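The two complexes that follow have subunit A in common; it is paired with subunit B in the first and with subunit C in the second.
Right, the complex of A and B next:
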């Protein structure tokens, strides 16, 4: 029971990171129909920025908001300057460009902050570990039914829950949200009724990158450091989550993220010989493949009719 | 704008140019292992490895319009097929090439089964996941008895005789005594052989009826289906064939002696590298990946130690000295983005665009359709 509870919470807290990245993927996909392969790397860049803010002595609570601001700017500029012009050429070009962005951002992180994991006292970091948003000392846990649950895990889950509620309010009860849904439903018609689709798309990319930044900071906090490969597998898990939830359903992305985190943690925990740490990503792969084969629109996505 | 010259395809002028190009190519190919330095031979061998993989990817991506980020896995299947057959069952490395081809073909065709239902970017996602899963699968404790797990395998290559290091090819020994550095040209020639095989398969397909049906699938799959192209079978076979060809240069990696699952080309980084090589050279052109691989390897090696500002030529120092890592990754990432705006068919496309102003070939050779605004027509 304790073990089960522990794995449950661990799965949910890892899953919340996947949910955040998946949310970003879904927001962009709904708006433009593009799959942003650089989503994880955009988040990683912002995470490095937050580390830098930490080095300058800014407390993590403020640093993460500033980091999300940087993420928003990065996403918005990417959309306006790169993705929008190239999407007029072909979807193939957009795919290549997002791969290019993926590589460029990862290289940029290395070029600015070096290849080693940070914080690293060897290269003069003032911080000992990546700042966590929640108390994360070894003594910071609560005991529920005999299981020691880290406060950090609970905090992360609560954070994602609150963020989800906020996002739903924005999507369903604000003008921006209405505009975003209109653009997602039919970009051409949205333009005709006077919605500035360009701004909406820019805001979507910015929002996606900002949420991603939060995900990156949370994950680096759990991981206690940030490194160049941090978001690599996270992106795979997040895309599995988005696939599971349905690529055009933000709610699906959150549920998908939690589910993927749960499934892979349970599988790794209860089948250490078969799955273990090595094949965790294999489980996500199988989930993704299974969903695409048997229910391509995901659990909550709308299946669209294709016109030939 | 009318070009200055017009050359009849198959006429004497066309043949003169072809023979001249073939002679230059043959001269360069022979010059590298005989007169080039050892590091040049190594560079050339690596470039040829990338060439083979990018050519294979190009058949799928450039000509059929199917996106794959999973080719590092197929490359790795080649590597591990050779490694396992040589170490576990004592096969000669060269005889494992057809086996690797077959294994990768089966795996590729099997992966393409979902690919028939999954389109566009979803296929990219699934194949990317495949690329990430592959090294983990190799490390999986359940199959470590076969693959050596995370530690990898050693002695996976040719067993040159310890004393005189001769190597016999079906009782014939064209290489003389292979010792020390003398082994390098040997690997080089295997790489050349693999690239020639892959190139000829690609060329044969692209210039044939099959190639035209592939290009039709790429440009408009609905129209292709209406014209009688069997979409599922064609897509599946091409996916399998592309995977199989990609495995061949992978085998070469194992032939050099040791394999580990963390070799860069066997991870998702490999997939991205192949993609960069293909796009920079020119997707959808036969020569693109060849040019791309040479450019990629040349720049990567030239800038390899530029993380240290002292190594950068002084003219370029202000541009690159701030970077903590070698700039090749950033250069090619930027190139990928810029090329999509300026030259979607890469360097080969640029070359065509320039030459077409001066020389035109009539009639156009098969397989050279230049649809500039290419579409991945299957919207996700």
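Right, the complex of A and C next:
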């Protein structure tokens, strides 16, 4: 029971990071139909920026908010300067370009903060200690039903829960949210009712990257350090989460993220010989494969059936 | 009074010129119908007036040039287009579709909600389905929704791009009645492009014929249907 509870909470707190990255993927996919391969690396760049702010003596709480601002700017500039011109020529090329961006950002992180450069593996890259947003000393835990639950885990879950509620309020009850949903549903019609679709897409990419930045910071905090390979597996888990939840469903992304976190921690915990820590990524892959085979639109995604 | 005047309007896609210098006018209170076959440039004409594609020539609305204006300022100025093939927001509820239609308005929630209630009473089927996804409506209902959504911006000029497309004859007739009623009761001016000449000419104040990007004839519905060759080509009798 204690072990189960611990794994449950661990699963949820890791899952909340996947949920954040997956939310970013979904926001961009809904807006422009693109899969942003660089979502994880954009988050990592912002995480390094937050680390740098910390080095300059800025308190972590403020540094995170500033880092999310930097993330927003990075996402917005990416959309305006790179994605938009490329997608006018060829929508498919955007995917390739985001792969390039993935490489570029990782290289940039390495050049500025990483010490030695071993792009794409993370192996041997210099690790820098990263502060947690929440109390994370070995003694910072609460005991629930005999299980020692880290305060950090609870903090992370609460933070992500609050952010999710805020985001859903924005989606469903604000002008920006209405514009984002309209652009996602029908770009041309959105233009025709007077929505400046360019600005909405810019804001979508910015928002996705800002949410990703928070995800990166939270994960680096759990991980206690940041390195060049930090977001590789997270991105895979997040893709699995978005696939599971449905690529056009923000709610699905959150539930998918928590689910992947849980499945993965339970599998690694209860089947250590089969799965263990090393094979956790395999679980994500199996989930993706299963969803794509049996329910390609995901649990909450729309399969775009409509009457004409 | 002239509401919309386009002179030498030219537009196309990349190297292809679809619309080759047309002159067209809509006076206040008119229903102007542009007839043309597939590929004549009807939709391109609508897009170039709405500003969703680049265009050359002179376009004036209420005496002011809108040739360089962006779509959102054109909508704000009082021209709104009902896109071809309905073009609702299928994943959004009927109510949210209407709310999105009022996107450019700044006169407060109360006035917008009053308008939504008003269009629900004109289109009762929409009121009954307010919380349903627009994509679940029938074709005719979606076309009504697309028109109601356009009206939410309180336009002076409504651009209708082939509203009859894909609709049953009975529903098309009902639709044209609605357009006629909006014109009469709300003083809404309408520019409508159609292939369905018979129905459209019945409500038209004036008619233009568009063939491969050029206006080949214009006049009142009576004048045009008196012309033998036009009658044969467009009305089929």
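As a working rule, the second predicted complex is superposed on the first by the 289 of 308 C-alpha atoms of A that agree within 3 Å, B and C clash if a C-alpha of one lies under 4 Å from a C-alpha of the other, contacts with A are read in each partner's own complex, and residues count from 1 in each chain.
The definition used in the following text is that a contact is a pair of C-beta atoms (placed from the backbone, for glycine too) under 8 Å apart; a residue touches a chain by one contact, two chains touch by 3 or more.
Everything quoted here is computed from the prediction, not taken from an experiment.
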Touched partner set for A:302, first subunit B, second subunit C, both or neither: second
First (subunit B), second (subunit C), both or neither touched by A:4: neither
Which partner reaches more residues of subunit A (counting touched residues only), subunit B or subunit C: B
Contacts of A:270 with subunit B and subunit C, given as first, second, both or neither: neither
Touching both subunit C and subunit B, counted on subunit A across the two superposed complexes: 306, 308
Of subunit A, residues touching subunit B in the complex: 33-35, 37, 82, 85-86, 89-93, 95-97, 99-104, 106-108, 110-115, 232-233, 236, 239-240, 243, 247, 273-274, 276, 278-279, 281-282, 284-285, 288-289, 292-293, 296, 306, 308
Subunit A to subunit C touching residues, read off their complex: 175, 178-179, 181-182, 184-186, 188-196, 302, 304-308
Subunit A-touching residues of subunit B, taken from the complex the two chains share: 65, 67, 69, 114, 117-118, 120-122, 124-126, 128-130, 132-133, 136-137, 139-142, 222, 268, 272, 275-276, 279, 322-325, 327, 329-330, 332-337, 340-341, 344, 373-376, 379-380
Footprint of subunit A on subunit C - complex, ascending: 50, 52, 70-72, 75-76, 80-81, 83, 87-92, 96, 99-101, 103-104, 135-139, 142, 149-150, 152-153, 166
